[in-house]
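What follows is a single structure, written as structure tokens, with notes after it.
When the chains are written out, they are named A, B, C and D in that same order, and each has its own residue count from 1.
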Amino acid sequence: MSLPDKRQGMEEAIARIPNGARILISGFGVPGTPFTLIQELLRQGQTGLTLVKNDANETGLGIDHLLASGQVERLITTHIGLNPRAIELMNSGKLTVEFCGQGMLAERLHAGGAGLKAFLTDIGVGTLLAQGKPHHELDGQSLVLETALRADFALIHAAKADPFGNLRYTATARNFAPVMAMAADQVIVEAEAVVGLGDLAADDIHTPGPFVDAVVDLAALGPLSAEYGVVRREQHV
Amino acid sequence: MSLPDKRQGMEEAIARIPNGARILISGFGVPGTPFTLIQELLRQGQTGLTLVKNDANETGLGIDHLLASGQVERLITTHIGLNPRAIELMNSGKLTVEFCGQGMLAERLHAGGAGLKAFLTDIGVGTLLAQGKPHHELDGQSLVLETALRADFALIHAAKADPFGNLRYTATARNFAPVMAMAADQVIVEAEAVVGLGDLAADDIHTPGPFVDAVVDLAALGPLSAEYGVVRREQHV
Amino acid sequence: MSEPTSFDPKTRMIARAAQEVQPGMVVNLGIGLPTQIVGHLPAGFPVCLHSENGLTGTGLVLAPDQADRNLIDAGGAYVSTLPGAAFFDSLTSFAMVRGGRLDLTVLGAFEVAQTGDLANWQIPGRFTPGVGGGIELAQKARRVVVLSTHCDRRGQPKLLRACKLPLTAERCVDRIITDMAVVDVTPAGFALRELAEGVSLEDVMAATDAPLALPDAPLLRF
Amino acid sequence: MSEPTSFDPKTRMIARAAQEVQPGMVVNLGIGLPTQIVGHLPAGFPVCLHSENGLTGTGLVLAPDQADRNLIDAGGAYVSTLPGAAFFDSLTSFAMVRGGRLDLTVLGAFEVAQTGDLANWQIPGRFTPGVGGGIELAQKARRVVVLSTHCDRRGQPKLLRACKLPLTAERCVDRIITDMAVVDVTPAGFALRELAEGVSLEDVMAATDAPLALPDAPLLRF
């Protein structure tokens, strides 16, 4: 036996995404955002997209390109305060924004990834965020029903990958990547380095390979772009 | 700033457990079972306990000692097939056994640890395991409501710990430890080695220190007992 | 399909089950006969074995003197790992199963109904070890193959119109591979696909307690 | 309580808030003023700072030329880490918060009601950045302290009988520390605990749009 090889060209991997797809995108601010895959999605021009991402990045960075190009119809997010364009598109009705508490977003993705349907929580009870959501009584307490969130695709940034798709993230670039890599039908990963099978210690893998469908090697595409905010190349991995 | 020190003597740590406590115990078969903490619980003799553990170990091993001593009133578990005593105690009505699907046990502990109240799943629908559990309709599908599971204490085996309680597990000894270490009010860890603060790489920590209350250093207590099944001292950590 | 390498019925059924494993799959092999499928996969075959106790890239069963005390499969056997193996916790392990990342599971059975219902965990009052991870594997693997003797130790059929024992999961089994036959579960019930060498159609029908649809084409042998 | 080291009102309120941090605590400091509390903790103080983007053992804010591009706090600032720091994903990070492992959070506020209701995320039609992790921090930290100016930029009180803005969480605030006072939220409403140097009782009452219970003992100054 040997573990299957999932390395793939970026163009081919992103070309599988159709118009209207729902896409999970890793990252919290700059760290963990798959800037290169996003640029390819911009180049290929798929439209009518629903994006799920913690934040809307900043002007001129990451998913802001897809907002500017009009490819995004809907954004499920926790915070867009650093992107004036996103706020403006939302206020003018050109972008539907669904806000989610940050930990609730993580749990909805976990539920989606883990094949659960919904969960009951007291988070948000009595606030605007719970309005319009179904409530259930449990042990005399009124709880909000939060539904599982899955997507057609996930675009994930990793520090290291092996050909089977075992992944490692660095520092706070991990954030939503592990839950998102579990909650999509097709998971496309860009990795700063692709190492050999067995080069990642089995105890030290953050996302196991079976969750991953395609591994794109960023090193093969040249130096990292400025979007990654390369201020110091300290190696945590 | 510096991170707080949680190292503690084993007797003192286990003495905090009162009669009637509910206790999560890590391990799947031998790997990950905190045999030394269990022996101390046997020695101190707390009674009327509810244990939550994947399996009942085997005769003469691990929690079987606590079943034999009559300290356990109730066991929440996924499988007791390798422990004839557990089966006999259950069949004679001396031990209440609640069976849970293995992944459902993990998710109930996750919900408990994550401060959620319950979740909806299609697992077990139409089987004996779902009988008597509340069902909810969602999108036309009948789902089982599984409730969150928390406990007063968790007894966890780790390969390495630092004084703040950051933990690493080895190979398949990880199993239920991460979810259990998140789902108890008081988490007591036995570690095969206690290393210095900063000796565990921040990217490589399996359970972050804030979840842990007490770190017991097994190395200070002498060689590991035979229960750990020391067949080869290969180092994964 | 490769020629059977043995006429021993048990070896033959395991070898036949090994052919269910397709390149690139993530596969969970249940305790007992299914685990032995590993020995029938070609060298270097591209597949990822999943052990629900927290391991992908499971390798071969090891003797205790070669073993790592912390490294077992879900059946408790010491195992080796392939290059690229990963260890993870039980939460992640079953998320993999329920989230749809398990392409195939091969499980044992006490009973299988013509509807695909599976009973493999409890014989009331006699043997109640608990359900372990079986429910989730049976209910959520993309394909569920049962590998089991056609009849139990007392010669009673295991393939039934309806299960009598408590169910592990409803309508989950896709195919049953036994020492006598390969039987698919279809919307219309059991459909015979293949016969083991030396087994007649009459033998299988007599050992099956439910209707058995026959294929239009000649029956394959394995 | 230590003597204030500065008469600058902003520095004074931050220094006062630093006294809320007890040895051994796990603490989350919100974006803005709360983050500056770090500079007022004694050297070697035993505490664990939590950044909800996936970090415990957060250290100091770093200049970009000292920074690691992958290492930020939840406000997006480059930070250092203490020995014993851990990185984890967002799921684990908020499990820590909701599971009861966060002893204290210090947050900013638009409005706080005398019931402890907190509004700090949305001004309808004007500023809607989203709620981020604020709801969960406010609702689930064991102790919630608001650190904020007593009035907004237009001089309007932030301590109110009832919030007018959409709530972040109901009945969550334990204490409010401002440039003018330390105010506790009690079952009976706001209770004044301390006054800032140079601020009179009348000043505070005029700047508070709700009743303010006075302590029996003399008012402490900070």
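Basically, a residue touches a chain if its C-beta (ideal position, glycine included) is under 8 Å from a C-beta of that chain, and two chains touch if they have at least 3 such contacts.
From a predicted model like this one, the values you see are computed outputs, not experimental measurements.
Note on connectivity: the fewest steps through touching chains from chain C to chain D is 2.
Averaging Cα atoms per chain gives one point for each, and the point farthest from that of chain D is the centre of C. Looking at B-C and A-C, the interface holding more C-beta pairs in contact is that of B-C. If you average the CA atoms of chain A and of chain D, the two centres end up 30 Å from each other.
Separating the centre of chain A from that of chain B, both taken as means of CA atoms, is a distance of 32 Å.
For the pair chain A and chain C, the distance between C-alpha centroids works out to 35 Å. Within chain A, residues 103, 107, 110, 114-116, 122-123, 169-171, 174, 202-203, 236 each touch two or more of the remaining chains.
Contact with two or more other chains is made by residues 87-88, 91, 94-95, 97-98, 140 of chain D.
Interface note: chains touch in the pairs A-B, A-C, A-D, B-C, B-D. Taken in their complex, chain D has these residues touching chain A: 51-55, 64-74, 76, 78, 87-91, 93-95, 97-98, 122, 125, 128-136, 139-140, 166-170. Residues 23-24, 26, 38, 41, 44-50, 56-57, 59, 81-88, 91-92, 94-102, 140 of chain D touch chain B in their complex. The part of chain B that touches chain C in the complex is made up of residues 28-32, 54-55, 77-82, 87, 90-91, 97, 99-107, 109-110, 122-129, 159, 169-179, 206, 228-232, 234, 236. In the complex of the two chains, the chain B residues touching chain D come out as 1-5, 110, 112-116, 162-164, 166, 182-183, 185, 196-198, 200, 202-203, 205, 208-211. By the touch criterion given at the top, residues 103, 107, 110-111, 114-123, 136, 138, 141, 143, 145, 147, 168-171, 174, 201-204, 236-237 of chain B touch chain A in their complex.
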